[in-house]
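Each structure below is given as structure tokens.
In the two complexes that follow, subunit A is the common piece, with subunit B as its partner first and subunit C second.
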Partner chain A sequence: MVAREKLSRLKEKFGTAIQRADLPGAGRLFVFVEPAALKAICQHVFRDLDARYIISIGADDRPFSGKFMVAHNFAFDKESLLTSIATYLPADNPKVDSISDVVPAANWAEREIHDLIGIEPVGHRYLKRLVLPDGWPDGVHPLRKDFAWNQVPEGYDDTREFKFDEPPEGCTVVPFGPFHPTLDEPAHFRLYIEGEMVRGCEYRGFMVHRGIEKLAESVLTYNDIPMMAERICGICGCVHNVAYAQAVESAAAIKPPPRAEYIRTIMLEIERLHSHLLWVGLACHIVGFDTLFMQSWRIREPIMWIAEKISGNRKTYALCVIGGVRWDITPEVKDELRKLLDKLEAEWTPVVAAVSKDKNIQKRTRGVGIADRALVKNMGLVGPVARSAGVDIDCRRDHPYAAYDRLDFEVITEGGCDVWSRVLVRAKEVFESIKIIRQCLEKMEDGPLQLTIKDELPVGRLGLSSVEAPRGESHHFVITGENNRPRRWRVRAPTYQNLQGIPAMIKDQQLADMTISLGSIDPCFSCTDRMETIDLKSGVTKVWTQEELLKLTRTKKT
Partner chain B sequence: MKLLLPILGGLANIAIVLVLAPFFQGVLRKITALIQSRQGPPIWQSYFDLLKLLGKEDIESGESPLMQRFAVYLAMATVLTVACLVPMGFAAPMNAAGDVILLIYLLTLCGICTLLAGLAAGSTYSLLGTSREMMTMISLEPLFAIAIVVGAVHTQSFRLDTVLNGSVYASAAFPWSGVIMLGVMLLSFQAFVQRVPFDISEAETELMEGPLMEYSGPKLALFKYAQMAKLVIYSALFVTLFVPWGTGLMFPLGWLVFWAKVAGLVLLVTLVAATHARYRIDQAIRYFAVLLLVALVALVLASYGY
Partner chain C sequence: MSLSELLRMLVYVVGVMAFVGLNAAYLVLAERKGAGRFQRRPGPTEVGYAGWLQPVADGVKLLCKQLIVPPGADAALFRLAPLLVMIPAMMSLAVIPFSETLVGRNINVGLVFVFAFGAINVMAVMLSGWASRNKYAIISAARVVSQDVAYEIPMLLVVITMLMATGTMNLHEIVQQQAGWFWHWNLFRLDLNPLMPVTFIIFFTCMLAETNRAPFDMAEAESELVAGAFTEYAGMGFGVFFMAEYANIVVGCAMTTLLFLGGWQSPFGVGSGVIWFLLKMYAVVFTVIWVRWTFPRTQFYNLLNLSWKILIPLSLFTLILTAVMMKVLRA
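Right after this comes the complex of A and B.
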């Protein structure tokens, strides 16, 4: 067994620094280690054992064990193993050795832990504020258990401004965002420009952070959270929905019935189809090729209709509950879906053929937004960005979930490392998705949709789940808890890692290539920021001042 | 009478351009929509758009509002002046008022208005657009000038009516220079009318309209109007210079043939715009540089009588 073998290798090398380990089943390994050895162990796992970095998690475990917890998650993709290396820290003045100089991809995650939990990553070279808003007082950490979900911190200062770094010598600053036609969501890049060349950038995002994880830990229940998780993202909502449900199921050792697994797979692939077609269209729009933009969205439209037929919604399918799904695929829908796939295939084939021969598009995308193998490794880049660099990873095959272990499909890779390769990867993956759905419709067996869960879920168990979203791996980490809700739930959307690769991808490129480079990772800022809510209750439009808005958000109306 | 006729003719040309420009824009939008499997706006939409913008509040924004206003008026005025000098189905109305050198100057002035607009807005994006526009102008404007000069060399004249009458082919031997210039102009025409793949200085998804970003309401309407008029006028210029055949026919026929040719050119612009991605500025400049080199060869040929 892979997990056992990895564990014995770690024990051999680090001896008593490995305090205890948990091997809850195939493909999962939890190792609890001495805080002092954490960095060395992570370095060994990342560099010597060549694991892929996923995410770091901080948790306030004081009410339960009197300690803080930090975990670094890694994936052994070739051996189908997800592992979490965790350590407990003392309750007062928690500090942990930063791993970001040996695992550069941990940069943001450690800053987030510092912001939200207040665990200081010692030795982090760039410990700037990442998640919290500019006016948030120092030393107040909203994800700690003694901070209520609706609490307003003392000393919130509206006038405090974010301090940007000094631009390098000879460069002018071009502000890109928070609002820009190619950004569908607010995010701010400060580009350092020399002539038409980008020399560097600074990112300030997390403008739509709404504390969804806090909400889940304090007010929602296990079966509320999937609906909330879905609303993290408007494109790959179902991915978060499934990933959360699977993380809880893996923690509680529940296996949903086979029919539910097939339905999850079908909905995930429907979502991938719509997302890929949407993205190819957007990429074309960014480089000014609006005809293909319109055509690929036209081809996409029937996918939205079938999703509506199955779930009642074009998006936000509200699919999963713990231990099953809520919608069935009726024989009538089955037929319709088959016909739709045939039509889709017939329409998409000539588009791909035309695009792959088009010199004009290649001119704008070849050699642009380079992310090579080294960057993929160091920054933990995932999805089409990794596959376009020839890194053969895909959670559907590497860490099979739902019904993927019973299906036959290919993982598309390209070697160009550039935007063009990403276009090809995503265009071709459409055909694989069609193949997968067809197999699901063929193999799907009759049976119940949901498991009846009579007992309470076990408390204090860890669950991991990786789901391959259209943009890359979405990773959810759950610690089960009391009161029918998790103690900690950490979401890592693919953009969280891919966005960290952007500064390297746009450096020393033309400004004109910035938008398509950024577009090529298919950034999802609300995924990264996690949670954005819009109230549609009243149709009245009113212009709110900032103070009024803050007041509104802080007084609870029922 | 001698003074009145050219003025009336000029006014007629201006009226034609102003009336037809939004129509051609409407046709362009409709055909683009058809190519993209969309229904598209009604063919008259561009008139309504202009009317709507003209009726909006006139907001003073940007670094120097005065210069912004000036840039718009100058752009419109230049375009309309050019309209007086170009034959549109009839002989050029204000033939005696200027020569082809004036025409070349005025065409350059059109581009300068965009530069002024960008400078007046004063934002980073508009300045980027301005620098792109400047680079484009330097490499692009000589092309039309060379085409006109080739005609002037062949006919040994700077007179508008002589040069703007298919003069590029008016050499004694086979008009190699004219044919070469026809090719060059066809390949660069998209850039003169600022459409995809050469709408680089405005590129919505990169520069958010670049030089125009601070414009709104009536000022934006005038700029848009000037751009639409530019499409008509450049097409008319192209037709008179390179496709003169049939213009000499009896009144309604010759006139109709002329506008049919202009419409054909607009259609070509639409098709190219709908099937291409935008070039990057360095790619575009390299492209123009090659065309410029070819155009210079044509100029040399023309001066030797070919």
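Right after this comes the complex of A and C.
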């Protein structure tokens, strides 16, 4: 077994620094290590064993073990293994060695742990705020357990501003966002421009404050959370919904019935279809080609209708509960879906043929926004960005979930490393998705949609789940807990990693290429900004409904 | 000056203004309708019968908005810039002959007059960018200047070629020379210059670039520069820029028609008149709209490459070729 073999190699090299390990089932490995050895072990796993970095998680475990916890997650894609290297830290003044100089991709995750849990990554070179707003008081960490979900911190200072770096010599600072026609969601890039060339940039994002993770571990219950999870993202919501459910199922060793797995697969692929078509449209809009933008959205529309027919909603499908799904695919929907796929294929084929021959689009996108293999490795880039650089990763095949292990499909890769390759990857993946849905409709067996779960879920178990979202791998980490809710739930959307590659992708490029470079990762800021904590001055005692929360996201202060 | 002359002038001034205004308003609608059809959707349909009153609604909306001059902007220049874009377009129309008799002023240097006023356009966009005191606007202004300078050169080289071929700067005479069947149009006069169609395409491309139309709309490039030089303009200030774009398209297309397509001359040698001029001009306008919705925006550096590396050498070559041909033919 792969997990055992990896573990024995680690034990061989690091001996007693490995305190204990947990191998709950195929494809999962949890290793608990000495804090002092964490960095060396991560370096070994990342560089020598060539694992892919996923995310780092911090958790306040003081009410249970009296300690803080930090975990670095890695994936061995070829061996279908997800692993978490965890360590416990003392309760007062928790510090951990920063791994971001050996694993550059951990930059944001460590800053986030510093902001929200208050664990200091020692040796981090750029320890500015990432998640918390600028005016948030120092030393208040909202994801600690002693910080109530509805608490209003003392000393919020509206006038405090983020300290940006000095621009390099001879460069003008051009702000890009938070409000800009090509950004559908707020984020701020401070571009350093020399003439028409971008020489660098600094990022300040996390402007969509919703506090979803905090709510999940303090207010919601296991089966409420999927409905909240899909509101993390407006485009790939179902991905988060499924990924969360799978993470809990993996922690509690629950296997949903096969029909439910097929339905999950179908909905995920429907989501990929509409997301990729949406992206092609947006990318065309960015390069100033609105005709194809309109065409691809026209082709996309029937997919939204069929989603509405299945789930009652165009976007938020409310699909999963722990141990199953809520909607069935009826025989009439099945027929309709088949017809739709035929029509979609017939319409999309000529578009792809036209686009792949179009000299103008190629001119705009070839050699633009380069993300090569080294950058993919160092920044942990995922999804079409990685595949466009010839890095053959796809969680559907590498870490099979739902019904993907019973289906036959190809992982599309290109070697151009540029925006053009990303266009091709996405355009071709549409056909693979059509293929997958057809197979699901063919193979889907009758049976129950949900398991009846009578017992309480076990407490203190760790669960991981990686789901291939249209933008790349969405990774969910769950620690199960008491009161029918998880102790900790950490979501890593694909854009979280992909955005960190942007400064390298736009450096020394024309300003005109900056927007399509950013667009080519299909950025989804809401996904990335999913956490951050409770609103400041409102609702101290009442229970928050989802509508109120949504309203909150639209007004800065209530 | 006699009373009738004064009256004629008044009528013509009102006529030109109405022509520009109506064109600007209804070309916007035509553009939106056309774009809609290219994209398999109906375009605006709500206001008036099949959306015919949409330009009125747009105009009223823009007029109702507050004109904001941002703090730190140069208020005088900021307000002057929209006028400077609009006025040259109107001035140019004063010398453009719509038919044998329908012309504001038939002057001998009509050709130079139109291009001289056309060049003011660049300065106006630069002023708007500069006066706004906005980084996007200034980047856009810098782009517009380098773009328009780059495209002014091949355009004027083409104009010189035409001037040599026709031997006059009077627009009226240029059209008169093209009388008869359509092979008398300058576009098909291969005896003057075998590369005449190429010259036409160069002229048309430069016209697109000069009017800042997609795929050369670097000035506005909304996905990069928000609204470029017009970012800070609100209400009718923006509206005037918008209308001026279409007014300039009308002037550009009118010049294309006069220089290459035989102006008001009928293609069959008989029945010439204003109707042919308008038909040809709007056909060119339609092509301009068509091009916009067919090609993606080029990058700025490719745009300059196109001009300096292809269009200028080509237009220089046609100029020399015409000169040689004239010498050879005359000899």
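FYI, the second predicted complex is superposed on the first by the 530 of 558 C-alpha atoms of A that agree within 3 Å, B and C clash if a C-alpha of one lies under 4 Å from a C-alpha of the other, contacts with A are read in each partner's own complex, and residues count from 1 in each chain.
FYI, contacts are C-beta pairs under 8 Å (C-beta built on N, C-alpha and C of every residue); 3 or more make two chains touch, one makes a residue touch a chain.
Predicted model only: the values in this text are computed from it and were never measured.
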Subunit A as common anchor, with subunit B and subunit C clashing or fitting: clash
Contacts of A:361 with subunit B and subunit C, given as first, second, both or neither: both
Partner chain(s) touched by A:122 [first = subunit B, second = subunit C, both, neither]: neither
First, second, both or neither for A:148, with subunit B first and subunit C second: neither
First, second, both or neither for A:219, with subunit B first and subunit C second: neither
Touching both subunit B and subunit C, residues of subunit A: 172, 174-175, 180-182, 196, 284-291, 294-295, 298, 360-361, 363-364, 510-515
Residues on subunit A engaged by subunit C in the complex (per definition of touch): 172, 174-175, 180-182, 193, 196, 284-291, 294-295, 298, 360-361, 363-364, 510-516
Contact footprint of subunit B on subunit A as seen in their complex: 172-175, 180-182, 196, 284-291, 293-295, 298, 360-361, 363-364, 510-515
Contacting residues of subunit C [partner subunit A, same complex]: 35, 38-41, 135-136, 139, 143, 214-215, 217, 221-224, 226, 293-302
Of all residues in subunit B, those that touch subunit A in their complex: 32, 35-38, 124-125, 128, 131, 196-197, 199-200, 203-206, 208, 274-283
